[in-house]
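After this come two complexes, each holding subunit A, first together with subunit B and then together with subunit C.
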Partner chain A sequence: MSGVRKVASAVALLAIVAVLSLGAAAGGMGPFFDGIRALGTFYLSTAPPQIAELVLGPSYRGLSSYSPEVVTSIVWDYRGLDTYFETAVFFLAIIGAVAIYRGIEEPVLRRPASGLSPIVRAVTKFLIPINIAVAASIALHGHLTPGGGFQAGAALAVAPVIVIVVFSRRYLLERGVTKLKALFLRSVGLIGIALVVLIPVIWSVLSGEWAWVMQNQWKPGAEVFSYPAYLGGALISGSIWFLNLFEFLAVSFGFTILFLLISIDEDTVRSCMIRGGEECDRY
Partner chain B sequence: MITPELALMLIFVSIAFVFAYLAVEERKLIRAVVYSAVQSAAFAFLFYLLGAPDIVLVYVPVTVGIYPAALLFLIRKTEEVENP
Partner chain C sequence: MIDIEVFIKTFIVLALFGTAGVGLYGVIAKPHATKKIISLTILGDTVNALAILLGYRYPGGIPPVYTGQPPNEFVGSAVDPLPQALVLTAIVIGMAVNLLIIYIALQTYRLYGTLDTRLIKKLRG
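On to the complex of A and B.
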């Protein structure tokens, strides 16, 4: 009976793959092109400044996002408001988790933090700085090479998870990574994103010239405002570098809050939730 | 007809399929999470072969790091073996 069941589940999985492949091959995903589609050609030829200059001539800045990494320029410039609201949805979820866990803190001195074996701990101590360096490079080079704020934030969020599993939750708290600090840094990231988005509008109100929400380089009809594309000779692609940086802060510390919260001992959470807030405050 | 790229993609699809099957069948939930992470790693290679390094960079930490970790925290609050 168990054998028949196993075969049936394998056949079912294969059938799902086969049906999806058949649908895709029969044109269910729209027509396949050999070359690049017209919209793709537009993005590829306008996003990187050098190519935009060649293709469009001196008027290129009105269409260019000054970022050679086309995916990031689509995410943060061409369709930036989509990304803004995606970020908002993600952070509403985190605010929900924080609200559910409000007032719940694990008692500090429960048992000495031991963690996994010395070998695992030693390897982890080497891996964590590498993880942080890779995440920072993904974020700060996000406008030049594949990557960006969300990718980097997700990469950095792996570090607290590993520390919680290999060492302990207490180890992380003793090193200063607390919920309050994470909330603060996450808020700094969110406020930074909102500021970068709104600075063109604030500038527009103050100066009387026209500028769009989330404008990066000047656009036709809003020619005066423009984020600096170069900083000290280095290409920073205007607002894209700042948005990547703030998204990196917000995502990584948002995930850190979540993992700090869900790693609280279940008995503590349960006693707090059942007996009410008064009991929890003594921790 | 079959390019090296296509052959590699076939290999990774097969690995992903085998580990997806193992993840579905495994009764011990922690092992199932590990199988699922291996399947995701194979998918990450597929995304790379399909020319989407941006997706790979977000796919690897989320599906191999954060998602299994969230599942492991969940499993810790329940039983370790799935009962039929």
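On to the complex of A and C.
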């Protein structure tokens, strides 16, 4: 890079930092360290069921999402449509990646799978069930403790990566984790999310009462429909538990597809792209 | 007399702005696609960290998970949950979009044999 460009880059970098600092100094970052915004206070004081039942009056109780974990109740209740469309972006990103790898399926491997040393393989065999258990607990307790479908999905997606690195891609395929199965389970998750979102509307059409899309608890103006907040005495926070579960499926198996595809042997991909021979699946 | 609290706040914010600037610089000025992708993740993570910082409150600062304390105490000391909720989804979406970009870069490398954008720009046919 020439000297003039270096100087120009440094000046531009300093200018970016200066402009951002100017915005911050003019109060563009809101109440910084010093209390929180009114919207945050509203979420904090309505979401937990204990506060809803003790403090809020009966007419305000419908604003609660009955989840002690305020972040999850924002993600799946107060700002549920944001999350719904972010799931759509996630869906499209995975579809794009799968489209790039269309028609490329690794043939039955010629060489036997070896993997890393026996110590690493033995430790991994212990770690994988723990990983799956932790991910499931993050997803299913997402409405009670920090966590939820997104984090649990990302936690579970670590398992196939470790298996691919420590054992091999073939080891994973031989145990039934294939691209088609992962696509199927991811679709189950996405269809589940759409169903949970649309059930209030379907119910509204059938019964003639008013209900909103993505309604969790009853709301002022739509008092009749609400998902059960408690199931058998255990708090499930209405639709939040189901949405966490389905998002867990969608995210974890979506990432599993991507990691399965990106670990395909580069020679195979190139020969498929150039020749398209019989070792490649064309569909 | 320098207020140590003001110093720390200013330092954190300026450091984050500087990191965001470096990320933006890398996306624009670095010719190699791999370095562009790395810069993009740096930029995204910095913006996420800044959003989390905006929701922090200093006296208090407990997590926004209700654990049975008096409601007034909880609302008065918990951090803002909204930036955390937005960043939570942004991280997962960012990971998926980054993987898509990596896939596209991989395909570009297979087709053109290089990821240097100066060379790719000159290719014809």
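Note that the second predicted complex is superposed on the first by the 244 of 283 C-alpha atoms of A that agree within 3 Å, B and C clash if a C-alpha of one lies under 4 Å from a C-alpha of the other, contacts with A are read in each partner's own complex, and residues count from 1 in each chain.
In the analysis below, a contact is a pair of C-beta atoms (placed from the backbone, for glycine too) under 8 Å apart; a residue touches a chain by one contact, two chains touch by 3 or more.
Values in this document were obtained by computation on a predicted structure and should not be read as measured data.
Engineer: Figure out whether A:Y43 sits in contact with subunit B (first) or subunit C (second), or with both, or with neither.
Structural biologist: Touch partner of A:Y43: subunit C, not subunit B.
Engineer: Could you tell me if A:S263 is touching subunit B, subunit C, both of them or neither one (first, second, both, neither)?
Structural biologist: After superposition on chain A, A:S263 lies in contact with subunit B alone.
Engineer: Check the residue A:G30 against both partner chains and state whether it touches subunit B (first), subunit C (second), both, or neither.
Structural biologist: Only subunit C is touched by A:G30; subunit B is not.
Engineer: Between subunit B and subunit C, whom does A:V71 touch in the aligned arrangement: first, second, both, or neither?
Structural biologist: It touches subunit B and subunit C both.
Engineer: Tell me the contact category for A:A155 with respect to subunit B and subunit C: first, second, both or neither.
Structural biologist: first
Engineer: Between subunit B and subunit C, whom does A:I138 touch in the aligned arrangement: first, second, both, or neither?
Structural biologist: first
Engineer: Using the superposition described at the top, determine whether subunit B or subunit C touches more residues of subunit A.
Structural biologist: C
Engineer: Who does A:L13 touch here: subunit B (first), subunit C (second), both, or neither?
Structural biologist: After superposing on A, A:L13 lies in contact with both subunit B and subunit C.
Engineer: Output check: A:P146 vs subunit B and subunit C. Expected answer is one of first, second, both, neither. What do you get?
Structural biologist: both
Engineer: Once the structures are superposed on A, label A:V165 by its partner contacts, choosing first (subunit B), second (subunit C), both or neither.
Structural biologist: A:V165 sits against subunit B, while subunit C stays out of touch.
Engineer: Could you tell me which stretches of subunit A are touched by subunit B in one complex and by subunit C in the other?
Structural biologist: 9, 13-14, 17, 71-72, 146, 148, 150-151, 154, 255, 262
Engineer: Within their complex, state which residues of subunit C touch subunit A.
Structural biologist: Listed in rising order, the residues are 9, 13-14, 17-18, 20-22, 24-25, 29, 54-58, 63-68, 71, 74-75, 78-82, 84-86, 88-93, 95-97, 99-100, 102-104, 106-107, 110.
Engineer: Contact residues on subunit B for subunit A in the complex?
Structural biologist: Going through subunit B, the ones touching subunit A are 17, 20-21, 24-25, 53-54, 56-58, 60-62, 65-66, 69-70, 72-73, 76-77.
Engineer: Where on subunit A does subunit B make contact in their complex?
Structural biologist: 6, 9-10, 13-14, 17, 71-72, 138, 146-148, 150-151, 154-155, 157-158, 161-162, 165, 255, 259, 262-263, 266
Engineer: Subunit C touches which residues of subunit A in the complex?
Structural biologist: For this pair, the touching residues of subunit A are 9, 12-14, 16-17, 20-21, 24, 29-30, 32-37, 39-41, 43-45, 47-48, 50-51, 54-55, 68-72, 74-75, 79, 82-83, 86, 89-90, 93-94, 96-97, 100-101, 145-146, 148, 150-151, 153-154, 251, 254-255, 258, 261-262, 269-270, 273.
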